[in-house]
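Report on the following structure.
Letters are used for the chains, namely A, B and C, taken in the order the chains are written, and counting of residues starts over at 1 for each.
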């Protein structure tokens, strides 16, 4: 077998240079300005396999269309629906529910497709496994074609790129010294941390004044926080953490709402729920928005209306969540161009 | 944001002019005569999102192929399978099962796709909601691209267009004064009324002698019936309702069999079932067909053999249900051309 | 209606001539050497409907891509997921779970698609039904377009063609007098016999020295065995059956591992399981492989690691199961060319 260069994965932006990030961002904005009618054939005779271990609406449709609009073919596979369950641990005696190991599944799909998009959420029971991205990394190791992270245990790089482009477009590029609030919100379920982690790192990388607001007990990962602080500092920004939602909103240019579960009770759902339910009032309201400098409201979606954020905010002109979702399509076109060495990423 | 003209929805034919209906009908027949090998690129660089809140075989495949044969891309989404449940009520506190509101879901998909096909059946528990098409209308309001009704609570306009074209083709265009029998049939489940409503309105619009035959207690909606009677009268036809299946078949040119549940017990399934089971003998048999003028047998499918209709009818040359299903593909090509302003609907 | 020639089905190779088999084999190898980047438009304006009554990963993706890489469109339908259940028995009163008969479902889909791929596994409760391929045959009778068997009760011809091409490629075409071992292996579930039947017949057709190794009670069908013996004899090979796994491996060039359930207890799952569990030690190990002449290890996948075969075998250079899976794509391109009368099958 020929010795091939390793495939260009997109597992998370932390593994890629600032130059690649900047070029992807520029390219995303170019695609956005060309609009959804701008189809091409630059990726013709290529195919993208999309593996969803978890549900999806936006990611599935926007990723499929990103491929198709570049001239490629895309297949969506929902694991466990019309397929069997997959095993991913090494060395295990496979006499349980899983009929196939990801080594074979990913090894085979690598021979059919030219890239694989993979969504595999956090276990929410094993924090070390989630933090170390063991599942996504195992998949990337088994793949011989690029793997694109469509939301893993800890990161959501497609969302991060779309979010950064949305912010740059909304603020006309002047993000320095503007306040970005990542605000925890109540949600009936303990949600994973991939989106808050990625949103925090994204805003830090833009060099914004990042404020993370959450109730005590909902601390984000120290490693992620330290990286965000270093990234922000290197670009003239900074990251602070507060426990007062109202204070955080003061003077904000961007409010990014997101719920996540508490790490303190990662393996005790009942205790986690008891803690979380004390903070049902953490909801984005018109009153909170009034404290901002006419901040744009962002959310990665899906969003629970009147739980995470009031109708009055979502239905106001300040809400740019639909535009933010639209950017997913354009960000993912840029990502496919990157992993497939297509122009402008061919040099 | 630019002020855009409202999208061309296809929610039901009642909202569209006779001229549009006639042109769609003509176009459907043209597509039929060109056959399934006639592909084009008139809709290239367009995409169609298909949302199924309920199961489908024919609609899903024929709609997908209609788009593809015009050069467009189509994605099928089964809501709740690989996606989450959607909320559609306004103002609700979303702390239940639904993770996303249709305002967001449809708002986002409108930014990815160039049209949305939606199948959302009747609640069969709230007659006013069903009759007023509250769900489909909420989706249409949230959409910024055309919405095509793939069977809603009360109407199935894609089926109606295909059915009308089938009848015109079968009777060589001479439908005036020909008897169209819409015959209720027994079925083990209480089925919704979208197909009988649309079949009745379709035959009335063709100006046929329409006879609706059903047992007492299975009355169709008064509003639908009144509209059908007015439409038929305006075209030299008429609509009558009888409770005797055999009498209805006398001299028929078209027999259209369909089951539906009783409105009398819309919220009492047990009572509804008890009433319905008294009419198990309402089944289309060779004996009934012998009373017709060699009528064609039609059914929208899926059909339960030997419950709704006998094998001997379905397997006879009089049955044109497969041709009727074939017309779905061609009708939907015409509908896509209409909603997308493609020739011959571009002027 | 015009009298059409019967469609070219691919139900099993036994119904096709040696010449067709050879040409398909040659064509599969040609596609393999052109690689997954070799797309064409030879099947443009054609469409393939894929019906899965059972789960699939490889077959679904490789078949879809085979069609797409030839320029056709493919739709995947998982029966019972977003569709309703289908009835296939003739003359039945359909008042149960199934809402539609395959006569209608297949009759309709034949009018939309240009070929139908169908996966429908063995009942594993009615051996005569399974052996006679009643389900697949009923579908083929209802179809007016080619039907491709994507694994039926008794045969898996797509796998057989891919396997034969893999072996020819691996052994540089010299298969005569080389030992092919079809080795039963333990598996926690009673699996159907389509793959072992097809693997046995394939190796016999290549004229190899075929050894079938299985524990007593796991005999393959006499009819299949007799056909394999006749096929092998006609090509200078032979088929023997042994109950000693180690002896079978001696001098083997190809080891093909596969589990299947016992026919002795086709309708008694508990008794079948009790018999099967006595043979948990039937697992392909490095020790067994050491008895071969550096045999290649093959498996149709999915495979349970450390149950059917050890990690040390699967992760060794002798394992060619991923290449074998890659051949599925190329075999199915050849099969589509055959059923659609495309070059080189157009004369």
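To be clear about the criterion, contacts are C-beta pairs under 8 Å (C-beta built on N, C-alpha and C of every residue); 3 or more make two chains touch, one makes a residue touch a chain.
On a predicted model such as this, the values are computed, not experimentally measured, just so you know.
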Through what angle, between 0 and 180°, must subunit B be rotated so its C-alpha atoms fit those of subunit C, rounded to a multiple of 5? 120
How would the subunit A/subunit B interface be labelled, same or different, where same requires over half of its residue numbers to be shared? different
Measuring from the mean C-alpha position of subunit A to the mean C-alpha position of subunit B, what distance in angstrom results? 40
Give the residues of subunit C that touch two or more other chains, as numbers and ranges in rising order. 81
Under the touch definition given earlier, write down the residues of subunit B that touch subunit A in their complex. 44-45, 47, 49, 73, 75, 77, 81-84, 87, 90-95, 99-101, 103-105, 107-109, 111-114
Going by the contact rule set out above, which residues of subunit B touch subunit C in the complex? 36-37, 39, 52, 55-58, 60-62, 64-65, 68-69, 76, 78, 81, 188, 301-307, 311, 314-315, 321-322, 325-326, 329
